[in-house]
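Below you'll find a set of structures to go through.
Heads up, the next two complexes both have chain A, just with different partners, chain B and then chain C.
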Partner chain A sequence: MSATVLHTEVGVSDEKQAAAKSAGRRFGALVVRLGAIAAFAAIMAYFVIFAPGFTSTFNLINVVEQSAILGVLAYGMTAVIIGGGSDVTEGGIDLSIAANMGLCAAVYATLLSMGYGDFLSVMAAIAVGMAVGALNALAVVGLGILPLLATLAVLNVAAGMELTLTQNTVVGASSPLLGVLVSGSFFGISALAWALIVFSAVMIVVVHGTSFGLRLYAVGGHPEAARAAGISVPFYVSFTYVLSGFCAAVASILTVSRLSASTPGSGELLLSVLAAALLGTVFSRRFVPTMGGTLLSVLFIGLLANGFQLLNVSSYWVNGVQGALILLVVAITSFARGSEGSR
Partner chain B sequence: MSVSANDNASKASMRGFLAKYSVLIAFAAIVIFFSVASPTFLTPANLFNVLVNNVVMLAIVALGLTIVISSGGIDLSVGVSVDMASMIFVMLLAAGYSGVVGVAGGLGAALIVGILNAILITRLNISPFLATLGVLFIGQSTQQLATSGGQPIYLTSGYAADQFNAIARTALFGIPTPVIVLIVLAVVVHLLLHRSVFGRYVQAMGAQPGVAWYSGIRVPRELSMVHVLCALLAGVTGILLSATVKSYVPLSGNAFLLDAIGATFIGTTLSRERKPSVIGTLLGVLLLAIVKNGLLLVGWNFYWQQVGIGVLVFLVLAASFGLRRAAH
Partner chain C sequence: MTRSMKGLVKALALGLAAACSLAAVSGATAEELSLKGKRIGVSAIGTDHYWDLMAFKGIQDRVKELGGEVIALDAGRKDQQQIAQLQTLIAQKPDAIIEQLGNLEVLNPWLQKIRDAGIPLFTVDTATPHAINNTTSNNYNIGAEIALQMVADMGGKGNVLVFNGFYSVPVCKIRYDQLKYVLTSFPDVKIVEPELRDVIPNTVQSAYSNVTDMLTKSPEKGSIGAVWACWDVPQIGATQAVEAAGRNEVKTYGIDGSPEVIKMVMDPKSSAGAVAAQQPYEIGKTSVDNAAKYLAGQKVPPFTFVPSVLINKENAAEKGKPFLDAAEKAGVK
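Right, the complex of A and B next:
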């Protein structure tokens, strides 16, 4: 789409040579990308053949449901990485997103158990999530603290506040909204699955189909150029952190509905969220983070865990295989990118 | 308006001064605050306790991360190195091997993690963030598979086990042995990073990777060395950890990761170019440890302590980064 056009301009000195090279490069990149997708497809094919019940509608919807929470969080992370650039230490990253979700879930469940209605509790959870996001934005944009550090400090604050609020216990919750999310279904697809579908559609359209999304990529890709073009870089970067907080709040409502409670330990999701957002870059032509790519990698991680479960493989293997796959995919990717001389 | 310009300049230099020393100022203020607030804070027994239990292990991991971050990379798998060293060390001792074999095995396990990171980063060109994230996942699985899902391994009293536990709890010339280990390692890493050719290469790679390569630095070799050193240092922490608690608890090493990253970056605020340094890192570790200990002594709720530490780190970073920005 239009966003990728912006990213095809590489600093070129010798145009002829570059043209010839870039043709070969493009071919190599294409082969690699298709190869990575083929590897995913091969794993899926294996599950289809050998895992009993893998392709049943029930199972597939189950996977989508399970992926909803990870997916919503990964969108927030992806937005931050797009807007902040993907540099290792200086680029955009939101380490606080999983802890923020835990805090929002605690706020939501606590308010419900105190007898406040759905509307007020949901609003409070979203307000808290966006406030944490705004704190990140203040630290990164306003004070110029490295995102890695700023969000690390906020992670501690959010995780500590969750513990203070819940005293490290499970806070049970039930409400009409949670009831609908758990058992409601429309057109044969459950409400949780719908939540992921609708959220994905909105994110993909906003980031890849609007001029807003295009500017976001510009800000992350080359901040100085974006500023010279009249884009307010601070606004866009701040926006991604607040959006990430919003995603954490939405995910918190989904997780409370799935578990009928807010539970400690949501911070452990952080690494999976990072993995999903970073793995998603393989699905883009220029190896940049995209919402669609993130969706695919979230579903892939979900299907992987599910397939292992159906094959009766110990769940202890899932992390390791996930890690090995990330390495494999990224190694192939960087092999293709290596010819661009980016490293 | 020359007066006001002069005034502004002196204000700016004042801000620059504050930005540079904000960590030290915060550190001093915190020490004074806790000394007044808690009568036990400044006692030798308490400081001994802080050093042995809160500083040493975190500091050794943070030293490793200081080298990696100086080279412009990151190592998310330090927890795996800690755990693997701890696991192999405890398993060997539990199987009746001597302490020397245990230590060698533990460090060997950490070495393997480091070499794996090095291969992924230098041979396969994976970015350090992703490479070490992948190793972290694989390391977690390995531990779960090796311990049937995360069962701790306890060292029942054997000769070597007791001996090691004793080492962890004894003192030499009045200084606790683990603290001596830390001091030795800190001096070695300081010399390596700030006084040796290797250190200059590492700094060059961190500042300008492309230029470092064009200048003839063998980036892959030096970078491999960086990651192996980091893993080995984390391995030392793993051995100290299991010698202290006489057990191996799976996946416990990850607790060091975020604190060590935080400490290293707090340390970078000491230098104008935001370079990590051994002294800065140690100061960062001390700051975190003293706040943790002080909040405990003042009687803060355990859960509030994490909020307190988060807020404090945030404020120190905000002061340092914000004032510096204003000074420019």
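Right, the complex of A and C next:
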């Protein structure tokens, strides 16, 4: 809106200057973006050459398996950012997603340990996950609260409910479904790795291959234009929060299978989930989150921890490098955003 | 005591060296442990607590001392990360893996996978059927001793606040079960229900507010006689809460022997009643020795106990100091 005002008021020469400035910034952003991708590639190349056993199929499948939970959560986060717009302060964000996974895992493990079968327990976990997502949607779309604050509040609700349910203890769980997820293997690829592959394929097709996905981007990018085109913005935004809750529930089943239990402390994953969703934007030319970009950054985060361990570099570095990369990406996105703003 | 032991070891080593040179034998003897050319993977659930850090350090120092290469992995108290680290570690095929603490329910299937991969597994403070050896303190003793000290200080009657948030951690289970067993002989000592939950992180703050709440709920002096925890970080918060509430009749009890807590017990005015002090650094080192012995083809017992000391108000000045010195020597505060 301010841009149109600007257009009518500033002179032609000013406009030219602004255009040149914006082109310069855009060029700068491109350089930094390519630089970031080059840094990713350099780190990977280093691992390939120096980390013993890094490229073995066994190791790579391990990494895919290790990335499954983070991946599923990051897709939820990415969908929310796409639908709500990627403005860091006012755009879409779901801070409750990791805590929601913890709650779903607790519900799932508790029901299993009480003797309810897989079907009922899985359904209950998914229902709880989507209900928490719906609560987010209600707060953001219904009450108009900033997503950052709304989902922060819901984070606390979910974490509190998990604590009430489990009393902060480990709830052991075993079931036929968990057995398959833990030790199942098809075509030499473990079930957990398959879970990530299938989930990724579905997400990429839905978001990038359908008109539904296109509308989702429209809603996040230009809500006014989307509304003018007759798209129900509230519906799409609400949908992303419920989808994010669904992702949390799916991830919770994967996490219970991997840990043979629901354990406290799921909330810790939030930073990695945010990192994956934000890092993914450098793989897009317009710095928007994409499912493919998210997948790449999830795998990158997994490979980073793996490569460091194979090189026998302290695991403490992983957090440091992850943090530095987030800072870099957020800096790049604000840089690029700046060029859009002055356009 | 440790100094005289060291002297003895030195004398033995000298004697052995002399014997070896006399006989011109060049084979490895039982005392000459070596991990030359061996890679030892070490996985710890976290090192944010004094005990964990000391044991983790003890393991790494000893592996290096014996000439081995160490792959040290700290999961930062995240189960998810520890499992990923163990999975990658299995693929790295080290000569042995030493695992330190964590949730047994989560770990057991993965410890099984370590054994299935043919990698010898040793544990620190983690009793599991999958380990060749578990090096730890005698937690049965520790649990009974600290419980008896508490009952004695209480005069055999009163109410106890108990932190029981980590029953899934094997050593805590043993200590808690021992407490319960001791209390069967003292029916006038009662555990206040519901029990309290200690948490990680924010252990001290959370214990502080839990105990403060309970003291507020039972305002009459003498209505609560003691606070018990299976480790000593909740004890810090509990002691601070008791003192802040001016309820000096309440004494606190814990296990591990963090320097901070030993200092509290040494302070006659502090409400910290007693702490069972372990030697985590020695425990870490000993587990490596066990691994080295096993890799050299020697027999290793299923568990090794490293001595611990009950530090109470009476003996604190004398018994506490060696532990504080050891902490200072290791550079861990």
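By definition in this document, the second predicted complex is superposed on the first by the 292 of 343 C-alpha atoms of A that agree within 3 Å, B and C clash if a C-alpha of one lies under 4 Å from a C-alpha of the other, contacts with A are read in each partner's own complex, and residues count from 1 in each chain.
One rule holds for everything that comes next: contacts are C-beta pairs under 8 Å (C-beta built on N, C-alpha and C of every residue); 3 or more make two chains touch, one makes a residue touch a chain.
Remember, it's a predicted structure, so these values are computed and weren't measured experimentally.
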- More chain A residues in contact - chain B or chain C: B
- Check the residue A:T263 against both partner chains and state whether it touches chain B (first), chain C (second), both, or neither. second
- Message: Contact-wise, after the overlay, does A:N168 reach chain B, chain C, both or neither (first, second, both, neither)?
- Response: both
- Task: Mind working out whether A:V182 is in touch with chain B, chain C, both or neither, as first, second, both or neither?
- Result: second
- Looking at the overlay, what does A:I69 touch: chain B (first), chain C (second), both, or neither? second
- Message: A:S314 in the overlay: touching chain B, chain C, both, or neither? Say first, second, both or neither.
- Response: both
- Message: In the overlaid three-chain picture, which partner chain does A:Y116 touch, first (chain B) or second (chain C), both, or neither?
- Response: neither
- Task: Please identify the positions on chain A that touch both chain B and chain C, taking each partner from its own complex.
- Result: 167-168, 314, 316, 319
- Note on the structure: Note: in the complex, chain A contacts chain C through residues 52-53, 56, 58-59, 62, 65-66, 69, 167-170, 172, 182, 255, 258-261, 263-265, 268-269, 305-306, 309-310, 312, 314-316, 319
- Note on the structure: Seen from chain A, its contact residues with chain B in the complex are 88-89, 95, 139, 142-146, 148-150, 152-161, 163-164, 167-168, 271, 274-275, 278, 314, 316-324, 326-327, 330-331, 334-335, 337-338, 343
- Item | Complex contact set, residues of chain C against chain A | 69, 71-81, 83-85, 87-89, 91-92, 103, 105-106, 108-109, 165, 167-168, 197, 199
- Query: Once bound in the complex, which stretches of chain B touch chain A?
  - Reply: 69, 72-74, 120, 124-131, 133-138, 140-142, 144-145, 149, 209, 258, 261-262, 265, 301, 303-311, 313-314, 317-318, 321-322, 324-325
